[in-house]
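For reference, the structures are reproduced in the following blocks.
One chain, chain A, links the two complexes that follow: it is found with chain B in the first and with chain C in the second.
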Partner chain A sequence: MPTAWARIGRSWKPFRICKGKAAVTGLDRAASLPDGRAGRPKPIGLSAVFRHLARRPVVALSWVIVLAVMLVSLLAPWLAPFDPTDQATTDRMLPMGSDAFAMGTDQFGRDQLSRLLWGGRPLIVISLVSVAIAIAAGFVIGLCAGYLRGWIDMVLMRVMDVILSFPLILFAIVIVAALGPNLINVIIAIALSQIPVFARLVRALTVGETAKEYVLAGKAVGFSTPRIMLSEIAPNLVGPVIVQGTSVIAVAALYSAALSYLGLGIQPPEPDWGYMVKEGQQLLFFAPSLALVPGICIAVFVTAWNFIGDDLRDLFAAGGETMP
Partner chain B sequence: MTAPLLEVETLSKDFRAGGHSVRAVDDVSFMLRQGETLAVVGESGSGKTTLGRCILRLEEPTAGRIIFEGNDLTHLNAKQLRPIRERMQMVFQDPYTSLNPRKRVRQLIGDVLRAHGERDGVRIQARIAELLDDVGLRPEHAGRRPHAFSGGQRQRIGIARALALKPKLIVADEPVSALDVSIQAQIINLMADLQDEHGLTYLIIAHDLGLVRQVADRVAVMYLGQIVEQGASDALYRSPMHPYTEALLSAVPLPDPEASAGRRRIALKGDLPSPINPPSGCRFHTRCPHATDLCRMAAPPPVAHADGRQVACHFPRNADDDAQDRAMAALDGWQPQSTPRSGAAA
Partner chain C sequence: MIMNRMRSPSTKTGGRVPVSRRQVLASGAAGLGAATLGLPRLASAQDNTLVFAVNSITGNFEPTVWNGFGDTVITMDSLGRGLTHVTFQSTDVQGAVAESWDVSEDGRVYTFSIRPGMTFHDGTDVTAQDVFRTFNRILDPEDPTRPAGTGAIDNLGGDNLQEIELVDDMTFRFILRDPDAAFAARLSRPDMVIISGAALDEYGSDIGPNLVSCGPYRLVDATPGERAVVEAFDDFYLGRPSVDRIVFQVLPDPLALTSALVGGTVSMSNFVPHSNLEQLASSGRVTVHEPQAYISLFLTMNATAGPLSDMRVRQAINYAVDRDAVINEAFFGYAYQPAYMCTAAQMGYDPAQEAYSTRDLDRARQLIQEAGAEGATIMMHSQNQLFWPSLGQVVQRNLEDIGLNIDTQYVESGSFFGIMFDKTQHELGLWQRSAFMPDPDGKFSPLFFSGTLSAEDTTAHTGLPTQPELERRILEALQAQDPEVRNQLYIDLNRFLAEEVMVHAMLANIYTPVASQNDLSGVNADGMGTYRTFLETVSYL
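Let's turn to the complex of A and B:
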């Protein structure tokens, strides 16, 4: 068994244990050299992505849901039959399937379908933007802490610990309460609360990369410290951070909905799924769809992101250290 | 005799680990002449890698001086070190981690040139092609990433990178220990050819004495952070004077089974002691078959013997008649320490 022999040597790397798993997922284009040496996964082609998704229907469905929700929200101004804030006082509380109002109307006579189409926008914007901010800030903090170590590491990580020590929702409430409830402040609140997640991850990865000799080689040839951090180490961390990012998007979406439900997010009359749940909940027995439909929308969107995050995590555990 | 290219004077390096201070390199002195190959050998944990890294100032030495081409490097800052880095380079141990997996060979080498002020793209490409040719790779390899290469090829890339700035000194940290035996010879031959071609000086860190014998002009044997014996490699292999060197040499496999069977194998007792709490006196006394009470109490200073040999042992082996006297004379004025440490009780 030539491959078995080749693995006995130093070239054997622990992550190759999972090679079988990667093969099952169909994404294994990892360059396995003829002698069995471990290699970096090759860039993954579109056909490999489709093959992978064909074997994971739930993940494929999740991607469809996420992309569809985002597309529909993006196109809401054209898709929505009415202005979501227009009140038709004569048409209040119409049931689903009414003429002109496919999803009925709420207690103010606003078209529920239009509100649903528009109501996903804050959630999507808040979750994507806040995670992007958290990744950017967490990357810088984690990279500095992990590479420079010493007192810088100490100070940065203790600050992260302080942020983590607050219950997340309380932390967000404090910030929104202090700064005022609007889209920007909710984004700030959620981004700030998620920075430690990425800072810790990036720090840990940086410590691991720094132990590799290519970092030392960079020092030996005279690269500056920022150069080593940004152009040597950072590109090797991008993959795992993106994976973590997809999972945190789900968390951020959930908190955005929660803040909105508590009245700390988008202010009425602007439509937002979280606030629609709150408004509809008072009428749960008269018109259950008013609260349930936006609630289901939130749950489906968050769950889809969770499935995507889990799937990417599995792929990374199997596929090795980095991804293109 | 040419002036020394590199002088290392009483170099020490301490690491702090969990409240303990570990002296990884302890009072090491040696020098290296232009065009020479010095091999530093020793067990894992003997401090040889740390020594190599200290010389390039990849680790900050705790004490001592590093003098390269007449300049004291010990206290230069990062900016002052940059021009020095063009003159001394390093080849790393693990070809699988010493090349950034995201960079193509072209970038791996080109970045080094660019970091040292080369801006002309055509000249960079020409230099890359030249370097790849030097190390026996083909020009089309420049566009590939490290994962596309075998271990031996990767080490060639590492050597090309080290050569990019036309250094005088190359510190090679176990350059072949991660490679298959058949590939080891290729890389060693390549390094020897490059030495002739470019007039390189090598400091090779290794643990394979058989390999070292082929390439090294001089050998320094390290034990627990100290150099216990150094000298011309032929003489050192023929008649090792330190018992540790003797034991190491007796463990080198011989290709001739008869010679191998007839040889006396010196098996050392025990493991390498912890450098956190090194033995008193001679650090080797816990494992030395010839240790006496003197060895347990007094650390033998390095003593110069014939032909530039230097040995730190009270009772050198295979020595000429005066060697013992010299070793004892070096102890003149030595007094037992007032608070002898463990092991000195006798």
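Let's turn to the complex of A and C:
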């Protein structure tokens, strides 16, 4: 462990540098001690995770739902009995439970089960990728703004304020309308709309970290600014950002479904839960399942992510005490 | 015509047993109550108020600028009247602001006599001076009351209108360069309503929110995005309308609209989704009308775009489309087999020409093979609302059946028309033509004449060797005065377009579905089927 001299009060004292060990996560709050005595966070075993989930069945169920949806979507090409875009005029509007069509067919004779199995893919891809992009960009912006301060801070945060001043769904609609409706543009739209969420969070955390001794020590020994930002401060911000990310995934999934519902997402005939709700809506009076089932899928998936996000936030706030 | 052919659910739904329709309707009405709570009150005979559901209201009733169906057509038909009027129950052109008119022997001069004793909503008399000011703002770019962005001149015949002339207080004259048999009908369009000169003095080019005309109802209030309210005009030239007050209520959601009709909070509408017509008809409370079809749906093809520049590819696309699938899957059976551009309600219709819109996959594949276009990728654009996405999916499937790769984009209306009128972007597009008047020329001159946006930038066919002959035929049909001769000329014109030009693959003839409460009579469904909404004839039983 390297040692440096730092001026504390009126005198210079030896100071042990803890490189990247001050992770202020709820799972190991002690690690934030400036002398780094606690070392690395104590690893959490699988058994501890299971015990935690056993005490929170709703959260456990949420994880099961999210993982199941992801697995089913991943395996859709093998699980789906038909091509989800295949139209068959002679099999139009068959009810649930029909021979060969367990979930019935839509107005074009497409197998509803196959479309449901495939239809979760865009939602998952869009929500995960857009949040990942938003985290990456928001992290860099927030870190720069919080550490460098001054005019850089002002400019970056005012840009974030401008983005935040738009209703988020409207902002996403404007972007998709301008760039054209497709998967990539929807990801860009949702990611852009969510960057300020992470930028502001990271900036606030960075401002707090910058005043701590390990950062002062880093400066004292002459670490470069990028090194302090990336090697010293950044690791301490990862925990809260990930927790925030899980909550935003639910929001992103909802936006994805909303944009598809508005016709600005995945283009038909490709299956997508949001667009399936829109298409089924006009047939609600005599084929309610066409809209209700994909609608329920969206609701359950988003709710599950919300429970997971809430649980992680509780864990973080409690400093990990609830995790044995 | 009232719809009396009830289709059994089994034929329409492929054997599906409806899931407790009454329960769904009841729960739908309750669940969607929030969507309709904004309605000012129940539509009822007691206070003689009619609630008409529309898709939008902007509050700008400038007749010569398109502000959407809610403002520019539906409300406009209550607020205003033009020199002439066509009911659509008959294709005859009647006098409205004009009591009568004469046409010169050469068919170039139309002289209108203004109806005496007619007044505007502001109480001023309707004179030829008002008519002059109304048309001058359309024609003269220097007119201070001219609205920005107006293109109404195209609907008057464009350059063919040589001059307007104020003869005296009660006489007005149009002088044309060439005869135009559709000219009197053009003056019945909703963008040709006569505006009070006194109101133009007061509001200038900002007349839109304050429109003063001489229609059966006068404007009382308009809240953009919500509603427009009109009240019966006592001095309407045909007598005071029976219904005292009409609320044009914005209700764009098709499900909420259906529930509101079943629940009685909306009196009538022509924005009902085709998919819900059967449910509405079986509700016992609502009459679903089956008007005559004036609207043609087609696939526009850019004759200069890649493989589409080959006539054989365009013909193959025409032969590939399965019109039965279009009618049943996109319109739930409420549409008709097209016989090229003219519908059965129009001059120029020949049922034998349905052959041009009959699917022939073998021939289509052969043509594609001959053109060497197998596997060609073509971009198709469509609007992303109403029935358009359903239509697009059927057409895409049909075209992929003959070995083409179709990349479809569904975009909102503004973007769609931006693409459609840009020949560098547009290849295939789903479009419709209503024209708001029954005369067939509304489907020819604006789409095929050199210099029009559609001909130059959508189908971009004006460079084809057939263009001179095409224009000659359009003019010949337009200038013929004998209806029987005109009818045959339009039939021949349709044949020429299908066999020699083929830049439009016809998909279906449709009407906009019209539904009204059972306690209403006098509904002019034929007009409403093409969005023309004449409510002065409606009354409560």
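The working rule: the second predicted complex is superposed on the first by the 278 of 324 C-alpha atoms of A that agree within 3 Å, B and C clash if a C-alpha of one lies under 4 Å from a C-alpha of the other, contacts with A are read in each partner's own complex, and residues count from 1 in each chain.
Here, a contact is a pair of C-beta atoms (placed from the backbone, for glycine too) under 8 Å apart; a residue touches a chain by one contact, two chains touch by 3 or more.
Computed from a predicted model, the values in this text were never measured in an experiment.
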Which superposed partner A:P181 touches (first chain B, second chain C, both, neither): second
Touching partner for A:L216 - first (chain B), second (chain C), both, neither: first
Which superposed partner A:F286 touches (first chain B, second chain C, both, neither): second
First (chain B), second (chain C), both or neither touched by A:D91: second
Contact residues of chain A, present in both the chain B and the chain C interface: none
Residues of chain A defined as touching chain C within the complex: 87, 89, 91-95, 104-105, 107-108, 177, 180-181, 262-264, 267-269, 279, 281-289
Chain A contact footprint on chain C (complex, rising order): 9, 12-19, 21, 24-25, 28, 254-255, 258, 273, 275-276, 278-279, 322, 324-325, 328-329, 332, 384-385, 389-390, 392-394, 396-397, 408-412, 415
Touching residues (chain side chain A, partner chain B) in the complex: 9-11, 13, 31, 33, 35, 37-40, 212-214, 216-225, 227, 231-232, 235-236, 321-322
List of chain B residues in touch with chain A within their complex: 53, 56, 58, 78, 81-82, 85-86, 89-90, 92-94, 96-102, 111-112, 115-116, 145-148, 150-151, 158, 161, 164-165, 178, 180
